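Structures incoming, each one as structure tokens.
Look at the two complexes coming up: chain A is in both, with chain B in one and chain C in the other.
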Partner chain A sequence: MAMVESKSVIYRKLAAHAFLWFFLALIIFPLLMVIAISFRTGNFAVGDIIPSNPTLDHWRLALGMSIIDEAGRTIPPPFPVLLWLWNSVKVAVISAILIVALSTTCAYAFARLRFSGRSLLLKAMLIFQMFPAVLALVAYYALFSRITEYFPPLGLNTHPGLIFAYLGGIALHVWTIKGYFETIDKSLEESAMLDGASPWQAFRLILLPLSVPILAVVFILAFITAITEYPVASILLQDEAKLTLAVGSQYYLNPQEYKWGDFAAAAVMSGLPITLVFLLAQRWLVGGLTAGGVKG
Partner chain B sequence: MADVKIDHLVKNYNPGVARDVLRDINLDIKEGEFVVFVGPSGCGKSTLLRAIAGLDDITSGDLYIGGKRMNDVPPVNRGVGMVFQSYALYPHMTVRENLAFGLKIKKVDKAIAKERVAQASAMLGLDSFLERKPKALSGGQRQRVAIGRALVQHPDVFLLDEPLSNLDAALRVKTRIELARMHQERGSTTIYVTHDQVEAMTLANKIVVLSPLTDDGAASNLEQFGPPLDLYHAPANRFVAGFIGSPKMNFLGGMIEEAGAQRTRIKLDTGVSLTASVDSSRGRAGDKVEVGIRPEHTVLLDDPRADNRITGTVQVAEHLGAETFVYLEVGGKDFTVKVRPETPAVPQSQFDIGVPADACYLFDAKGQAFPRTARFNRT
Partner chain C sequence: MAVTTGLIEGAGTSATHWLKWIVLGLIALINLYAVTLMYIQGETVFALVFLILVATGLYVFAAERAYVHRYIFPGVATMFIFIVFPLAYTIWIAFTNYSASNILTFERARHYHLSQTYRIEGQNYDFSLYAAGTEAYRLALTAKTGERFISEPVELRVPDAKAQPPAATAPIEIDLTAIDTPPDQPPLAVKELVRLRGVMQNVVAHLPDHSDLRMSGMRQFAATRPLFQVLPSAQGGDGLILVNQQTKERIAPDMRLGFYRQLNAEGEFTGPGIAPGFSVFVGWKNFLRVLTDPGVQGPFLQIFGWTLTFSFLSVVFTLAIGTVLASLVQWEGLAGRGLYRLLLILPYAVPAFISILVFRGLFNQNFGEINLLLSQVFGIRPGWFNDPTLARTMLLIVNTWLGYPYMMILCMGLLKAIPADLYEASAMDGSNFIRDFFSITLPILMKPLTPLLIASFAFNFNNFVLVQLLTQGRPDIIGAQTPAGTTDLLVTYTYRIAFEGSGQDYGLASAIATLIFIMVGILALINIKLMRVDR
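Take a look at the complex of A and B:
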């Protein structure tokens, strides 16, 4: 049942479509470039978008297989790219889960409980978060080396340590989730409490199931942030075997030799888990969960 | 089953900053009574209901349910069930899950829970919607689910906040009768908030009239608590008189000409004198007063009970078929009368109406009612 539209609306729609396609191309082009580079023979950043004599060498190396070069020598993969990818996924999944758990409970407190200093705390959190993490790198290093002295499993050069560092960045998520909670009528939880639910049960059985879409969004955002994060991970992690892909793939690029092809293959690979998580999480990104609950 | 006693209750959402929402409320609601709260929007009806349920704390005063002081008892342990003004159904659960939620939380035996849900659903006609989510229900159906959800808990005190406000007229009447029947069957103490006069008059054993607090330092905003007909025939003050009854009571200013224990002579501001069956012995000649006359208590001039005559200018006449309302202007004030159907009333023409002395209400300058010495019924 499409509404009848005037001619000018149709033209405007066409224009909008054209604009969107242009925009999409702008976004997708760099990605295509990287994919092209990863299939291009040799390590060149510039060249045709469709490689003239494509090769799988960069991908073989990235996937941990040896290759044989023109001179007939066997070249072993220089870096454990798959291990890095696994590290990245591990750190990202765990930190995203913890971030969702922390920011949800935090947001519940801010949205539903009344305590003194509430609004001050909220604003302070946001303001502190405005300083880029890069500025605090020294502090991060100092903090974690101190932690290493007392409790090495959470210190420098450990994945738990890195995850711990990532947990600091929840202020924005708290705001997002709090905003969502506030759109859910309080009477739902009150009604649950009259039905005999404890505050925790009202939170878990009523509020949480209704908030699934926003939790999925926060999970995706936290996951992407953790997968692509470079500065903090590069400071905290040192062993080659412990690096995340974002940090490790930089090893391909040193001033003596920019291995653009190998780097591109690793870069495309780091995009895979993100795509996967996004596709999986999409089924939770649904609207209208709260429809029909309250009048008006 | 339980009685509810409210003792000097005060509620202020923000003490010291905001003004009180409820002040010095005293109510004694007997076991099994059906009590209706009425009052203009914002007078604190929902607030009082929420205070009884324990969803809002009480600023001062005491609340007893079943003889037990409940001030610090959490909602779940008060034995109350509540139907929210906004329904507050759980959107992610089916109707069945909505009904059973509380029983599940309280770990009621599965078989008993199932039976109670089946009972409530049959009673409220929800059987064919049990597997649907609230989203897929009409307003009336949602309303019934909300009522059902409170019912299955078998509460001692049943609290309903404007439960019928979203239904169309026909369903409203039907559900109203259903509620009355339910109350007779179960006999649980019921407290009911409504804006609808008919609901209040028909359902209530007793009505509570609340008024919004202003800055005039009133001692309480509980205006009157009593059976519906008492409120209609013997309102405590001008506020209750104006609030109970539809269309509203007419008020005309004047002063006492001759006070008396049985009858009072009043001289209206329009210059006309009027006799009222009111005991004004606590007043004196010359006191400023207001006379109240209900639209349905006026009679034709040739009626033998037409002790007084009021003359006004016709503004509008509404012919509803079964009755006719004529809107007059009397001495610059609106004056509504209910007359026999098809009574001719030409706009801008003079219209005379008879007012029996027994039909008059009288209020002093502070709005307090003088006792009436008779009750008037038109037929």
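Take a look at the complex of A and C:
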């Protein structure tokens, strides 16, 4: 429909731009505010969007350096943010790797092999993943306090225990990977099996190399889920040095000791990398995020 | 050539074959030991679950027939441990009185009572320690009569206070023998004794006459005896009744309350429960409390109502904003669509735990930037965290901010699928874009969106992180028996009952969680039905 744009279309476009910019201003305001606050002097002072006398003190504290205030006192960093970030990244990377490994092998069996209870298990997985872990926190706590008694390295207040707990959430990933496997032609594997390859070899040497894209998507999804997970981590971890970022961050806004400026710096520092990972990966992720709901 | 490789392979598989059986056998033995240990401790449920898991695992990896199941076992087993079992266990707890005061199993509570001791008056011994190498000491006791006893060197190590998990406090058994003269060296100074005090409290000294002594003061040991003993069956004991050796009172476990209680002469329970309690089945009591006890039922219904309102409004708001933005961004003629799209997704890309905390700071009544703006423009400073209505409004604002990009992404995908000729046809009929939106776009979107909207409703129904990080459920409901707030959702309410304050009523929390399971289950079933119809 090639035609000259009428006046009304031009007005409509202008209105759309105006609306979008107004809306964006509202939406982005909190994020810009935090960046400004992280450079503002003090933890209470209220000021303008662009700080009048910017300071790097909050950033120094966030990076684990001590600062010296006007009175000459040395102020140590209030919380080990970098350590928390490292804990989060460690837990998220290891659990994402294990989740990819577990869900790929599962998905392979569901997509290619025939066995008893296959469709029942698939359906059960779909139903059970609807119940969030947060509903069973009491059971999680009881379960892990028992594990602590018999095998402390995997119990309460340990990172391996937390990673172990995160491995429960693979149902959706199994479905995603299974869907992808089913789009790959079977004939390659079948001919390899005819030549004497075992199912494991067919899976490991033929199917896996073809599935790298979906494995990357699942890895990033699992990584982001783990790094932003709050409820389970908040009941399993206790020591300040063991907390993940998601659990630790809230201590900055304790009403008794309100560290708004320090929080802003820590939030920008730790939130930025995660946000960037998400934005870079979003084109692939969007498919994976919606697939779980749409496909059945 | 082929033959040799075959032979080598044969040898290899036979060796790995043996290795596999040895490893499996070892795993079986170790786990059998662990299961037995759990069973003895009274942890029947955990022992059973563990046994089933290990047995299935061993079968799957041992039997040739279960080859295919080896691929799914690890994944399915973790799902079983961390999704199915916690669900089932939560329902189980809902029928018990498991709580901070009744946290032990019966076996452990009994063991606790039986390990209690009391001091026998008049049998005091002065003690001193003599250094015997690094962290090793000899314990010397002197009776009032002048009798002296001494031990071999024993290691007494002050535990590292920061050690995780805390060092075990098992009793340290020390045997003493009689001597005539004290050792030929100065005893440890009081300062050292103070340092070792913590360890010394775990020491049980055995004299040659078989009496047990424990530390009773900074310089003294005293004879102790178990406080409770099982009533012998000759005196009518059934193995459950314990006798207090000091007062001769009888106590027995009350299996309805989960406490040991005193028995009167007729063998009936009297008096309050003796801590620590143990967990027992209480039937539907927790559910009845939720449904009938005014102190629990009132807040529960209020919170339930708010949870429904919150989830419904969150879906409506995010959907409304999401569809409008998606239609705008999908508009081919609009310049800079890519940039708009990227910026509009930003709230979704920032980790929720960070943006929620950012809003907590921005909405702060005195130091928050939002109130700063409002007071400059309108001269008002609303108490976002103190007024129930404002706090709820704030939750909805923040949740819409967090949630609209998801709806936008979903709608953008679905909009692409709407054929353009539909709009062209309606343009012929002289329709405008607003009518197009309501008569073409929205009706076509709704069908594939419905299951996703239900999922979104279920998600917001259980939106724990938002409430916990933003308001923690506050402001509190006045007159509630349990910790309950006006902005609490059912999930945060159960969390607070279970983990906040001194009550820690896991049983009640699990009963409410079970009710939520039922509701989420219904939503899940509806959703699966809808998706079936869709296909």
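Heads up, the rule we're going with is that the second predicted complex is superposed on the first by the 230 of 296 C-alpha atoms of A that agree within 3 Å, B and C clash if a C-alpha of one lies under 4 Å from a C-alpha of the other, contacts with A are read in each partner's own complex, and residues count from 1 in each chain.
Going forward, a residue touches a chain if its C-beta (ideal position, glycine included) is under 8 Å from a C-beta of that chain, and two chains touch if they have at least 3 such contacts.
Predicted model, so just to flag it, every value in this text is computed and none were measured.
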{"item": "Chain B versus chain C as contact partner of A:Met65, first or second or both or neither", "value": "neither"}
{"item": "Touched partner set for A:Phe19, first chain B, second chain C, both or neither", "value": "second"}
{"item": "First, second, both or neither for A:Leu32, with chain B first and chain C second", "value": "neither"}
{"item": "First (chain B), second (chain C), both or neither touched by A:Ile75", "value": "neither"}
{"item": "First, second, both or neither for A:Asp185, with chain B first and chain C second", "value": "first"}
{"item": "More chain A residues in contact [chain B versus chain C]", "value": "C"}
{"item": "Shared chain A contacts, counted only where both chain B and chain C touch the same residue", "value": "289-290, 293-294, 296"}
{"item": "Complex contact set, residues of chain C against chain A", "value": "34, 37-38, 43, 46, 67-69, 71-72, 74-76, 78-79, 81-87, 89-90, 93, 98, 164-165, 325, 328, 331, 333-336, 340, 342-355, 357-362, 364, 367, 369, 372, 401, 406, 409-410, 413, 424, 433, 448, 451-452, 455, 458-459, 462, 464-465, 468-469, 491, 494-495, 498-499, 506, 509-510, 513, 516-517, 520-521, 523-525, 527-528, 531-532, 534-535"}
{"item": "Touch list for chain A against partner chain C, complex", "value": "1, 5, 9, 12-13, 16-17, 19-20, 23-24, 27-28, 30-31, 33-34, 37, 44, 46, 102-103, 105-106, 108-110, 113-115, 121, 125-143, 146, 148, 150, 152, 155, 157, 164-165, 167-171, 174, 199, 224, 227-228, 230-231, 234-235, 239, 245-246, 249-250, 252-253, 258, 260, 263-264, 267, 270-271, 274-275, 278-279, 282, 286, 289-290, 293-294, 296"}
{"item": "In the complex with chain A, residue positions of chain B that touch it", "value": "53, 55, 74-76, 80-82, 84-92, 101-102, 105-106, 133-137, 139, 142, 149-150, 153, 166"}
{"item": "Chain B-touching residues of chain A, taken from the complex the two chains share", "value": "185, 187-188, 190-197, 201, 205-206, 209-210, 288-296"}
